[in-house]
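This is the structure, below, for whatever I ask next.
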Amino acid sequence: MKKNQSEYLIKRNDTEYEVVIGLEVHAQVLSKSKLFSSSPTKFGAEPNSQVSLVDAAFPGMLPVINEFCIKQAVKTGIGLKAKINKRSIFDRKNYFYADLPQGYQISQYKNPIIGEGEVILDMPNGEKVVGIERLHLEQDAGKSIHDMDPQNTFVDLNRSGVALMEIVSKPDLRSLDEVNLYIKKLRSIMRYIGTCDGNMQEGSLRADVNVSVRKKGQKNYGTRCEIKNVNSIKFMQMAIDYEANRQVDVIEEGGVVDQETRLFDTKKNETRSMRSKEDAHDYRYFPDPDLLPLELTDEFINDLKKNIPELPDEKKKRFIEKFKLSSYEANILVSDIETSKYFEEVIKKSDVKISTNWITGELFALLNEKNLEIIDSPISAKNLSKLINLIKDGTISGKIAKTVFEMMADGDIDPQKIIEDKGLKQQSDPKELEKLINKVVNENQEKVKEYKSGKEKLFGFFVGQVMKVSGGKANPQLVNEILKKKLK
Amino acid sequence: MIEIQNLTLVDLVNKIKKKDISSKEITKYFVERSKKSKKLNTYITENFENAIKKAEEFDKKPDFKCKLPGIPLAVKDLFCTKNLRTTAGSKILQNFVPTYESTITENLWKSGAILLGKLNCDEFAMGSSNETSFFGDVQNPISENLVPGGSSGGSASALAANLTPATIGTDTGGSIRQPASFTGTVGLKPTYGSCSRYGIVAFASSLDQAGPMTKDVKDCSLLFEVMSSYDNKDSTSIEFKRGNYLKELTDSIKGKKIGIPKEYRIEKMPKEIEDLWQKGIDIIKDSGGKIVDVSLPHTNYALPAYYIVAPAEASSNLARYDGVKYGFRSEGNNLIDMYEKTRSKGFGDEVKRRIMIGTYVLSSGYYDAYYLKAQKVRRLIKNDFDEVYKKVDAILTPSTPSSAFKIGEKTDDPVSMYLNDIFTVPVNLAGLPAISIPAGIDKKGYPLGLQIIGKAFDEQNILNIAFSMEKQINFKNNLNDWWTK
Amino acid sequence: MSIDLKTVKHISKLSRISLDDKKAEKLASDLNAIFSFIEKLNKLDTSKTEPLTSIAETTLKLRKDEIKSGNIREEVLKNSPNKNKDFFVVPKVVE
């Protein structure tokens, strides 16, 4: 592991503190139905419309596990280069809450489905490996709505029972940038494999953040606090920053940090103790007697392994080696699977260098401006490829290409058609160009004299005039060449 | 008019099939008899009018190919029945009307049976005397103020008093076999995984198993055949080829090796029980069976292990009764206050006691000492049986350490109440099948039962042994219908 | 060992069952009787024994990822002691 130059240290009265961060990411499994019931998982449905008798914990209802969710967890484990545990056990985590209908959450405690793995971050100064402690499957809870009625809380169980993967990192993260990159990388891997859509607005990805601080150079970890359920990278960073500084203050004032669960108040931008709630928490984990141990065969695991697509790390390596991209370019192109697919589609028939520039430049700017994902790009890979070929073979200039590109965005129009309809084809016929140049030279005899008497700066003026009379279509390279001869 | 009183379930099925009698006649008979038997307090919810309507419908369009054609049955109120209140004997479910049907009861109705009503039981099946029900004590028809046993006490009483031709119960630690023994009836606790738990109000998931309660072994075979099925709605349901238990029933047990475990000869066991057991041994010998002395060395630890495992699972299974989705709610100032009041008022003392035990043994710092320990003991108990079954085909023991006791006699002493299940509990811990058959009476005239324990999924074998013994024992309850007077 | 009143109160809190002092005392004495009976297990050496979690000696059966339920809001809310058209209603949760 290379040393990270952009260290995140908190300084107080000459003492520097290092911040140690571990994340427990809850990623919603992409599946049609829930982990232990056959009701749908779709986001945004009418309240309590996606609830089965199992999800609402009616008497006598029993859990039956969804095979696809298990496959999704194993696939994610493979993506995290992690140990797949062939035998895992579902436990009950017991606590009372309005949106927890069973009075317990089915989760995995001592024997999770996935063991240790790793995630590689591309830091500006090289790679950093973040350890994965485990990944386990568990049920999501419902939703308590506190702000619809002054006296009451409303409960919607649509999410109750949706499958989650809890991905627990080792306390290997050291800065806000690393947290950002870690979440993005995790998200990227899961989207590549298709196990989680990573949509943070819809709550498909959220994290409990463990934060501790220690004096720089100290070996032992400090006491950590867990900040529950933070649902955006920005909030994670704000929460960590607040919490780390709070802990440093406690220590600097001669106090000790209490190990506790805290929540992040996004309005006040501060973390707060949840201790009052914690008091009655003793989860009394025990193996769920309604379920049997889950046993996976080698065949089951190998079948899944065979179908794992090329993942971002390998793809990046390939892009660099095969297409001679810079590490920076490769990173941008592989971070999102759809981008990489788009890129590979474009370069099937087009120049890699020009394609890379156009995708990371013009296309990204366009998507950004329109706030679109690449999968909804108004210009298809096929048409962008055509445009790039038209630039490459000199049919249009780079400048004209930008105009064409803008017009293409209006309904994914074929660039060839635009060029023909608008007559934007580059003039590269030397005879035609010579006619234009003669006209310009004839009409500007005064300037020709000045040029010939040594005012060489005027060359640009003649080029400009030729471009102007050609309506911008003249091939600038040829114009240059011919003009030079003419003005000799 | 045929004398329905003395007919077994199998008899009734045959008579209906021969059109000697109609479903309506039978149903009316049991309805009338049930109506006159309120003193026994066996029913929590009656379905009498509906049942007669259904019987009429059956008679109009009879299907004689099914196994229980037009037969009315009352069931333990632990089975969820669609559109008919299901209480589990608890105040917390006193108004709960399921919108779904348990797999077991569904199997009954699919076989042509008709629901008579829901029978009283100990609250959430926690009890051995039917004194913990929110709906009051159940009387044993054998004698006034006698408990019928529990938790399927309402089922056992209704069956013994002939208010239903047969019934079904659930057995977590003896809840079918002990009341069967106390009422002079037959009760089978099937192998774990044989009968679906879907739609049965859960007590202890790793131990609960539904089973038939009947007048004789033939009836038991028939009803078990209908109940047992693989169910993909229950992850612990086991897929195996289920037999035609009634058709294959035989009284020939020649050469069968029957084990007599010495550890069941407990201290202070009444001589009558000892004698009964000996009588059973003699009968087996007479029928050509071979008696083998065996040892189940961890028997003594079964009950303590059970009183860790069952309450632990129960404490979690009963967490869903919180006043939010269904059932009773006591209003509170805030959510937690509401929970605490609801559960305090909604559950009875025995249920609360067990929830507390279960919560304690799972709580941080105690899990290893209690819960984990109990699971290890459970392994040892199962290993004991596995060892013994290398040598014998089945095991014979008394069903209970005593006959039925008086109502109120043991309510203040939970441990002595728990000791009732000393012979039945090991079977649940090991997941094995066992049947209790009436085998005699004590000097008070109260019935006593013998238990035959089988290998896993070997129900046919223990039914055969029971069938053979039943013929020789020729037990009859002498009831004077005191409760109708 | 003995279970004191404080422990009983703690368990009652964990189980969300309120208890008045009289009930708590009765329960403490019941629990002590039951646990002194359970203590018998300590005589047994189980250091080499694997715990038995499930008696059914088979592995977990897997279900296909198909939607077969849902859209039964009325049915789900029907038995609730306090609800409105869309939701279960509980007393305000104070965070």
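Letters A, B and C mark the chains in the order given here, with residues in each chain numbered from 1 onward.
Note that in this section contacts are C-beta pairs under 8 Å (C-beta built on N, C-alpha and C of every residue); 3 or more make two chains touch, one makes a residue touch a chain.
Note that the coordinates shown come from a computational prediction; the quantities given were computed from them, not determined experimentally.
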item	value
Pair exhibiting more inter-chain C-beta contacts, A-B or B-C	B-C
Nearest-to-centre chain - CA centroid comparison	C
Mean-CA-position distance for subunit C and subunit A (Å)	41
Mean-CA-position distance for subunit B and subunit A (Å)	57
Centre-to-centre distance between subunit C and subunit B (centres being mean Cα positions), rounded to whole Å	23
Multi-chain contact residues (two or more partners), subunit A	53, 56, 64-65, 96, 98, 153, 155, 280, 282, 284, 289, 291-292
Shared interface positions of subunit C, touching two or more other chains	14, 16, 53-54, 56, 58, 60-61, 63, 72, 75-76, 82, 88, 90-93
Set of subunit B residues in contact with two or more other chains	96, 99, 206, 232, 235-236, 315, 319, 322, 324-326, 335-336, 339, 359, 363
Touching residues on subunit A, where the partner in the complex is subunit C	31-33, 37-40, 46-54, 56, 64-70, 89, 96, 98, 144-146, 149-157, 263, 277, 279-280, 282, 284, 287, 289, 291-295
Touching residues (chain side subunit C, partner subunit B) in the complex	3, 7-8, 11-12, 14-19, 27, 30-31, 33-34, 37-41, 44, 46, 49-56, 58, 60-61, 63, 72, 75-76, 78-82, 88, 90-94
Subunit C contact footprint on subunit B (complex, rising order)	95-97, 99, 192-193, 206, 232, 235-236, 238, 298, 300-301, 303-305, 307-308, 315, 319, 322-329, 331-341, 343-344, 347, 352-353, 355-357, 359-360, 363, 370, 372-380, 382, 413-415, 418, 429-431
Parts of subunit B lying in touch with subunit A, wherever the complex brings them together	80, 86, 88, 93, 96, 98-100, 102, 197-202, 204-206, 232-236, 312-313, 315-316, 318-320, 322, 324-326, 335-336, 339, 359, 362-364, 367, 371
Residue ranges of subunit A in contact with subunit B within the complex	53, 56-65, 92, 94, 96, 98, 101-104, 153, 155, 280, 282, 284-286, 289-292
